[in-house]
Amino acid sequence: MNNFIIWFGKIDRRWLYLLMAIVVSIPIFMRMKMKVKPAEPVIMLYDFIENLEPMDTILISFDYSPDSLAELQPMAKALIYHALNKDVRILGIALAWPSAAGLGLDAMKGEVHNYNKKILGTVIENLFENTEISKYIESKKMKKELFTNIIADLIPAHFEDNKSTISVNKKLYAILEKQSVFSKVDSKTLKLIGRDWDYFGYKPGYALVMLGMGSDMIKTLNTDYFGNELKDFDMFSNPTYKIKNYDNISVVIDLAAGGSPGAWMTYVNTKFGRPVATGVTAVMAADYYPFLQSKQLIGLLNGMRGAADYETLINKPGLGLQGMGSQTFAHLLIIAFIILGNLGYLASKKSGGENE
Amino acid sequence: MSSIITTSIAAILTLFIFSFLYKDNPLYKFAEHLLVGISVGYIIGQIYRLGFISYVWNPIIHDHNYLYIIPTIIGLFYLGFVSTKTMWLIRIPIALGMGMGAGYGISYTFQTNIFIQLRETIMVFNHPGMGFWAIFANILLVIGVFTAIIYFFFSWKHEGAVGVLAKVGIYFLMIGFGASFGLTVMGRISLLIGRFLFLFKDWLHLISY
Amino acid sequence: MKRKLPLMLVLTLGIIYFFVPFISSPFANEILYKELYINWIKIVGVFAIVMSIASLWRRNIVKIQRKHGDYIYSYIEIIGMVVIGLLAILPNSLHIGNVNIGGIGDRSVYSWVFSNMQVPMQATMFSMLAFYIASAAYRSFRARNAEATLLLITAAIVMIGRVPLGENVYQLMNGVNSHFISGFHWAKLFDFQGWTQVILDIPNTATKRAILFGVSMGMVATSLKIIFGIEKSWLGGSE
């Protein structure tokens, strides 16, 4: 045993790396499906969103960069999916990092796209039977999946009057209009930008923007990510249900890989008295438990496991749950490394060798 | 571009970065510098479109809010770096932001991180109908906060009663740090799993869930 | 003038703005807070980016001019920055086929480069830490004394408790407990997820709160030092 420990202590670190890579890969190939029991701080946030009424609004702040993609993007997707299905309006913003803007865009656009695609399912299926549309698909040598994706964006774009999406698919749009496809769609069932959701992207100013949104969103943000003026949107200007400031927002959820939950709590919770929840990387999660106990946070999603917990609650497995098998095996490997390392340390101490 | 080519580019760049694990090499360096370049380019895009156009251009040019020319000029002081003579001008916009920010933030930081936190530590027993376990947990919480503060309090020598309390404090701290450490391991591994899932699932389609 | 003016500005504004949250007059709320602080400083901040772009530009140009070491990579940095920056600035309407050449929209080249180049590279860069932590686990994490042992044991409990394995072990032990032994519920000892929650909720919360007090006091003290001109490092070295 001693000989093994001494030999293991001397091997090139790259073998340890390889071992790690194998241990993480095996459960992926085995498609290991693991069930998780959601933790209380995750259930708290889930329940909060579950109890919201249609037309309530949540604000998600994307405050992470691609470094922490694996932990926070699944959380973002799960939260957006949940809110969309509850008919809750969603706003998205990125304040801490410019590179979060693209991740927020992917998550929001992606989930809204999937939602609309599902709603438009039968409409799209019927389009394949239309001779003129079939001719168009054939002439472009377009795959069914690509066509479906384009339509799932083009039909909502018609109701949003989104000129840039329409202009890149001009020909197809004309055909759809000619076949009066749009009149067959009930636009109320779709999720439309400016009515059901909007995304602001990266807004420079950090705490200033947080504070500014507390008084007047239109004045602080002016335009959204797509260049639309907020004042032109129903969701920000309708006298009965407009979103003016935090008073019209049920909860701010900060998905963060840095200190931004502190700033959100300081300004939104302390100053404006509105609920704040957070989803953070596992590395920094432990620091936010005091705020959970003091109820300055109404929920906490902790790392990839937090995402897996939320995916379990909404019954939609995603990257979080898929990663749990590898996570388990890798943790066991790390614990084994710590034990082996310490056995070696004890052995060398006994034999009067160096401490290392 | 077709999705196969797209994911292949992403995957090849991923492998370029991973190649550093074997040893430093030109492929890694290429990817590293490309990353720096395009990420700064990305920032330029965001700041220009969502900062400059949205905060400066539209309000001044479209909404004729000419007062905003003043902060724009102050902002332009950042360009002072072009000459050593004007370098000091950079301090003006920094001073404005820092003076206002530091002054305005003090009371809210105090309230969020100290007053409310202190209140929730002291008032922890002020909830009627607490069971035995909740009372015990709250006692532990109060002891933990108090002893950990004692440990960090270096104005007294850690001897006698203070020494004992500081010792209890350090055990609490070690459990706290242990929790952070365990979670740190978890976080790092999650990031790796994310990349492997991308390579095996999205790129090679070796598995499907 | 070059040092005194900024210091005077910080002092005056720091003191005025300390009181702004406590004053309910329209002047404090509308002018000092909403207009000058939020709207103006937000605009001022937009230009700060110029400095970081210039510093990256200058560093690379110097490297290229001096043909310093791996100067060839400096071209990659500059090209990457200029091309992506320019694409974002070009008008949204510029498109070839169904690809937007200009702008930052979701179907733009700019977004494509972000999703398929920046994201995978940056995500991979940080994922490599998993390998380093594995190596460190073997070589550095030593239980040299009681405190370090406590730290490692806690870490191990949390590592098991945060993955599904923790629940599986508990379920297994629960089965053994109820089938073979009645009375004392000893299987509870193996409830790693439960213990992890207890660790996070009690000792972790307590110690992180104690640290938070210290850090926040430090933050406030630093703010005061900046306002009163005791902390001057932000002025930089030169006159």
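Should a chain be cited, it is by its letter among A, B and C, assigned in written order, with residues numbered from 1 in that chain.
The definition used in the following text is that a contact is a pair of C-beta atoms (placed from the backbone, for glycine too) under 8 Å apart; a residue touches a chain by one contact, two chains touch by 3 or more.
This structure is a prediction, so every number in the text was calculated from the model and none was measured.
Look at the CA centroids: the one farthest from the centroid of chain C belongs to A.
Chain pair with the highest count of contacting C-beta pairs: B-C.
Chain geometry summary: the mean Cα position of chain A and that of chain B are 17 Å apart. Chain B and chain C have CA centres that are 2 Å apart.
Residue positions of chain A with contacts to 2 or more other chains are 17, 20-21, 24, 67-70, 99, 102, 201, 204-205, 225, 227, 271, 282, 286-287, 290, 293, 302-303, 305, 327, 330-331, 334. Touching two or more other chains at once are residues 21, 37, 39, 41-42, 45-46, 49, 103-104, 114-115, 118-120, 122-123, 125-127, 130-131, 133, 137, 152, 156, 159, 162-163, 200-201, 204-205, 208-209, 212 of chain C. Across the assembly, chain B contributes residues 21, 39, 42-43, 46-47, 49, 51, 55, 101, 105, 108-109, 113, 117, 141, 176, 179-180, 183-186, 188-189, 191-192, 194-195 that each touch 2 or more other chains. Chain C contributes residues 21, 34, 37-39, 41-42, 45-46, 49, 92-93, 95, 97-100, 103-107, 111, 114-115, 118-120, 122-123, 125-127, 130-131, 133-135, 137-144, 152, 156, 159-160, 162-165, 167, 193, 197, 200-201, 204-205, 208-209, 212 to its touches with chain A in the complex.
Of all residues in chain B, those touching chain A in their complex are 21-22, 39, 42-43, 46-47, 49-51, 53-55, 58-59, 101, 105, 108-109, 111-113, 116-117, 119-120, 141, 176, 179-180, 183-197, 200-201, 206-207, 209. Contact residues of chain A toward chain B in the complex are 14, 17, 20-21, 24-25, 28-29, 31, 67-71, 98-99, 101-102, 200-205, 207, 221-223, 225, 227, 229, 262, 265-267, 269-271, 281-283, 285-287, 290-291, 293-296, 302-305, 317, 319, 322-323, 326-327, 330-331, 334.
Contact residues of chain A toward chain C in the complex are 8-9, 13, 16-17, 19-21, 24, 34-37, 39-40, 65-70, 99, 102-103, 105-106, 109, 150, 164-165, 167-169, 201, 204-205, 208-209, 211-212, 215-216, 219-220, 225-227, 271, 282, 286-287, 289-290, 292-293, 302-303, 305, 324, 327-328, 330-335, 337-338, 340-342, 345, 355-356. Every residue of chain B that touches chain C in the complex is listed here, in rising order: 1, 6-7, 9-11, 13-14, 16-18, 20-21, 29-49, 51-52, 55-56, 68, 70-72, 74-79, 81, 84, 87-88, 90-110, 113-114, 117-118, 121, 137, 140-145, 148-149, 151-152, 169-186, 188-189, 191-192, 194-195, 198.
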